[in-house]
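The letters A, B, C, D and E name the chains in turn, as written, and every chain counts its residues from 1.
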C-alpha cells in the first residue's frame, strides 16, 4: 500500500510524471502515430482501455503468484495473460460492437503490449498499489498518454505547414517537440505534494 | 536479412547490419523507452545494452532452431513466451550480480519483453534463418543497441554530472546541467544525435536530398 | 466636383462581350455608317444584351483586340465623326407606366443594361424572378464600391430623379413592393438628396450603413440593411432579395422612357498619377489612352493602371483597352507607389490573426494561406471554405507579413475549378 | 511490440489443434526449465545480496549494530518475518549489537516528494524514544536540490534526536513530527527543512510521522520479546 | 502627348496595403521593452545590465549562426530575435551567471525557434523555452534572488555574475545580506507559499520586492503594453483574458479561505504574471488566431498559473502556463474556427 492519495496518483500520471513525457513509457506509438489529430484521440482512448485491462489482469495475477509463491512466473504470466486478454477484447468488440471496433479496433493490435501497457502492470506491482490505486494509476496513465498524443499531434500538424529545415524533419523533430513538452510538464512537478 | 532473389549477405555483413546500417537506436528508432529511460549514466546504459543483447541472442538462437516446428497460428505466442523467459532469466542474473544496477534499471529490465527490436528480430530474421546467422545478426543488433545507449548515456552523464563512468572530468565545482539527467534531457540528446546524423547525410555530396530518418510506427 | 463630359476619342473600340453571358451578335458591317445610339449588335438569347453605337461615325473594322483581362476578343471599331455631338437622339419613347413586368424586362434587355456595380451581369436576368422564388425586397446598393471611387456618390447627387424612377421600374419588373437604398454614412448629402425626392407612398426608403469596405458586397449590405444571411455559396434571391447598384438603376431611369441604349457611363478617373481626377461621362469604347490623356495622366512614364478599385480592380496590360460597361473606375499609380510596393519583404505567416479578424466572410485566411503554401488545395476547399472567399482582398491588405493571400486563393480556386472540370 | 492476430484467411495451411498444443507445450516446458533453473541458480546469490544490502542500510542508520532480524508488527502483536504476514502488518528490522542487545529499530517511511515518492529508512532508539538517524532508500528528486536530504549536514542533524515519544495513552505520538521552513525549528519534534528543498524535506517528515505513528504504538508493548535469544 | 517607352506594372489586386509590416511591429515591441529594461537596471544595477546585454547578444549571434547553417540571408533585421533576448533576460534573476544566460539565449533561439524554421515557425515561445531549459538545468541558480536597490549596485557586480563558464556560482548569501541587511532571498510568492506572508501591494509597485528583473514593475509594464495595444501592435484581448481569469480564480479561492489565499491584487502583481500576460502570451507566432480561441487561450493561461502557484511544487507558474497555452494553441485553433458567413450557426469544423 503506497502512501499517495488517489488524486496524487492520477494527477501525477497525467502531468508531473506523465507516462510518456516523464516516465518514458509507450514512446514508440507516441513517436509513430502522433502525426495526425484525427487518429490521436481514438488511439489514446484505445490505449487507455488496454491499460485498464492490463492493470486488472496484473492485479489478479500478482495476487496469485504471491499466494502460490511462484514470483518467478510473474512476468511471463503478465505478458501472456495481458496479450490474450486484449486479443479477447478485440474479438468481442469486433463481434458485438462493430462501430466501436472500427473506432478503436484497428489500434488494438498496435498496442496489445507496448511499454505503457506492461509498464502499468509492472509499476503498480513494484509500488504495491492497492486495487483502487492501481485502477486510478491505469486511468491516469491512459489520460496522460492521450493528452501527450493530442498535444503532439496538434503541434506536428501545424509544423507540416511551416518551413521546417530538412535536417530537422522526421523523428528528430518529434523528439525535440517531445523534449520541449516534457520541459513544460515539469512545471507541474510537486502538484499536491507536502499537503 | 536475405531477401528472396538476392544472394544472402556474408556472415560479417549479417553481423554488421545491426551495428550500423540498421542501427536500432539511430536508424530504426526502435525500443525508445529503455533507450531514453535508463541512459542517465554510461554504466546504466551499458548494463541495459548487455541485458538486451543477452535476450536478443538467446531468443533468436532458440527461435531459429525451432523455427520449422512452430505452426504459424501460435508463432507470436511462442515468441513472446520465449522472450519473456529470457527476460526473466536476465532479471535474476542482474539481481545476483549487482542490486545497485538492478535498482537503477528498475522496471525497464522486465520491459525488455516488449522491446520491439526483439520481437521484430524474431519475426523478421530468426524465424527465417539458420541458428548461426540468426545469432550473429542478433548479436550485431545487440551491439548496435548498446552503442546507441552508450552514446546517450555518456553525453547525459558528462553534462548532467560532469562525470563518465563515475569519474569526475571537470573537477569539483563543475556545475551539472541537471536537465540532462531529467526526462527532457533524454529527448534532447537523442534528437541531437539524430540531427547530427541527418546533417552529415545531407552534407555528403553524392547522397540524394536529405533522407530523414522516419518515425517508426509501432509494430508496423 | 460635378461629373464632366469627356469628348469622343477618334476611334471607339466596342467588345461584343462586355457582360457575363453570351457575346452580342453584330448587326452592322464594315464600312457602314452608324448614328449615336443606334443598335449595332443584338442580344444572342436571354443570357445576353445588345450593344449600341456610342457616337456618329463609320464602322472601320471588326477584329480581335486586347481586352482588359488579357485575351484578345472580337470588337467593333468605330471611327467617330468630328461633328458628332453627345446628345441622345435615336430611340423610340415609351410610356413606362403602361408596361407589364415582362415588357419592362424586355425593355431593360433592349437598353443593353448590365450591372454597373462591377460584375457586368445582365440586369434583366438578375431582375427576372425565378418561378419557384418570390422576391420581397429590392436592395439598391449605394455604397461606393471601393476606396478612391466616387462615381456612385456623384450619380446619387446628380441623377437622383433617374435613380428613383429606375428603382420604380425595377420594382415593377420584379413585382416587389419595397425597395431600400443603402448608402454609406459618410455621404449625408446623398442621403439628404434622395430623402428629398422619395415618393410619398413610402415604397422606397433610404438607409445609412456603416462606411466600411466591403460594405457594398451584396451579402454584407443585405446583412446590414435587412439582417439576413445569404447562405454560404448562395445568391441573394435565396433570401428574397435582389441587389442592384445605384448606377445601374439610375441609368435605367435615365434611358428606359426614351427607349435609349446604354452608350456611356460614369467613370471615376483618379489616383496619384492623375492631374485632373474626377468623375467623367465616358462614351463606351473610349480607349484607356484617350481617357488618361484627357484626365492628365498621359505622360506618366512608369505606372500601374487599374480598372475598378484598388482592392479588386484589374491591372491592365495595354493602353488600347477600351472603357466597357463594367468599368466603374480607372486608377493610376505612379513610380513611388510601385516602388513602395516592391520594397515590401514577404515573411512567413506569424499567426497574428489580423486576416482572420478582418475577413468579412468569416474565413481563416492564415490557415488557407499556409495550406496554399503547402499546395494542399483540396483541404482549402474541403475544410476551410475557400469557395466562400469573394476576393475582397481585405486579408492581403492587412497582412503584416505581406503574404499575397487573396492572390494565392485565386490560383487555388482556379486549380480546383480546373480539377472539378477535368 | 505487436502481437497481430494471425487472420484465419492467411495463406498458410491450418495446422491441427493437437500439433499446436504439442508445440506450445514443448516450448512452455523448455521455458519453464530455463526459468526455474535460473531462479534456483541465482536464489542464494540474490538473497545474499538482498541481506547484505539490507544490513548495509540498517547498519548505516544504526551504527555499532552487527546483526539484524526482520519482524512484522500487526494489530495483534509482533511476529518474526518469514511466516505469513499479518493483515496490514508493518515490516521493521531490529538491529543487535555484539552482545545481542537491541541497538535500535529500523523501519521504512515514505512520502510524496517533489518528483515522486521518497522512501527512507529511519532508525528508532528505544532508550531515548527518539529517531536516531535516517537513510534514503529510493527517490527521484532533483539532483542538486531534493537529493540534498542525503548529504545536507544541517538537515541530517535533525535526525540525531528527533522526539517521537508516545502520548500518555500510548496510542499516538505525543507530538506529530513536523517539517518547518528552514531556520524556524523550535521543538525537538520539528524538522528544519532544507532551504530550496522544502518539499522533499516535508516528504521525509511526513514519511517518518506516518510510519512511526503506526508502528511504535504496536511495537513498544512487545519490545522485550524482541531481545535475541 | 508622348507615349514613349511606357512601362506598365501588372500586379494582381489588391493594389494597396495597410503597410504595417512585421519589422515595424517588432521594432515597436523592442521600443516598448526598453523602459522596462532600464527600470530593471535601475533596480539591480550593473549585473542586470550585463545580463541583458549578454543574453540579447547570445540570441542575435545564435540567430545569425543558424541563418548561416541554413544558407539564408540574415534575419536579424526583423527584430524578433532582439525581443526574444530582451524578454528572456527580463525573466531571469539578476544574479544569474552570465554564462548560463548565454546558454539560455542559445537554447531559446536554436531549440526554440531556428530549428523549427525561424520566425513564425516556432510552436512554443522561444524566450520561455530558453528559460524553461535553464530552469531545469540550473534550478539552484535560477531561484537565487538578489536584493533590489542594493547600495553599491552601480559600483560592483553581484559575485555570481562573472562565474567561470561551466562552473558553479558562489553563494551570494553573505554579499546579499551585507548589501541589504535582513534580506531573506525569498520572492513574495515563496514567502506567501511557505510562510503565508502577504507582501503589501506598494512593495510591488515600488519594486522593492526581490524577483526576476522586470517582474517587479507592473505599472510600467502596463503602460508599455498599453502603448503597443493602442497602436494595435499587440492583441489586447490576450492580456485581458489572462489577467481576468487569474484574478477571478484568485478571488474565488480568497472567498473560500481568506486566511490561506491572497487576493486578486497580490496574484496580479506578484511574479512574472504581468510581463507574461502582456509581452509573452501575446507572442503572435505561438498564440491562436481565431477570435474565440484567443479568449480561451488567455483564460487557460490565467487559471493554470494560479493552480501551479497554489498547488504546485514551484512557487511561480506563469512560464509553464504560457508554454502549455502555446502547446494547446493548435488544438484551440482547430476547434474554434470562426463561423463562415451564411453557414448554419453553431457548426464546429475539424
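Note that a residue touches a chain if its C-beta (ideal position, glycine included) is under 8 Å from a C-beta of that chain, and two chains touch if they have at least 3 such contacts.
Computed from a predicted structure; not experimentally measured.
Touch-path distance (fewest steps) from subunit A to subunit C is 1. Touching subunit C and subunit D at once are the following chains: A, E.
Relative to subunit D, the chain whose mean Cα position lies farthest away is C. For the pairs B-D and B-E, the larger set of C-beta contacts lies at B-D. Note: the chain lying farthest from subunit A is C, by mean C-alpha position. Subunit A and subunit B, compared by their mean Cα positions, are separated by 21 Å. One simple way to say how far apart two chains are is to compare their mean CA positions; for subunit A and subunit D this gives 28 Å. Centre-to-centre, using mean CA coordinates, subunit D is 44 Å away from subunit E. Centre-to-centre separation of subunit B and subunit C, using mean CA positions: 70 Å. Residues of subunit B in contact with two or more other chains: 77, 80-81, 84-85, 88, 92, 114, 116, 178-179, 182, 184, 188, 195, 218-220. In subunit C, the positions touching at least two other chains are 348. Those residues of subunit E in touch with two or more other chains are numbered 111, 115, 117-118, 120-121, 133, 136, 139, 313, 350.
All chain pairs in contact, by the document's touch criterion: A-B, A-C, A-D, A-E, B-D, B-E, C-E, D-E. Looking at the complex, you find that subunit E touches subunit A at residues 70, 111-112, 115-118, 120-121, 123-124, 129, 132-133, 136, 308, 311-314, 317, 319-321, 323-324, 327-331, 334, 350.
Taken in their complex, subunit A has these residues touching subunit B: 21-29, 31-33, 35, 72, 75-76, 79-80, 83, 109-111, 113-115, 117-119, 122-123, 126, 166-172, 174-176, 178-180, 182-183, 186. Listing the residues of subunit A that touch subunit E in their complex gives 16, 37-38, 150-151, 154-155, 157-159, 162-165, 168, 173, 176-177, 180-181, 183-184, 186-193. Note for the complex: subunit D touches subunit E at residues 114, 142, 144-145, 181, 196, 198-199. Those residues of subunit A whose C-beta lies close enough to touch subunit C in the complex are 160-163.
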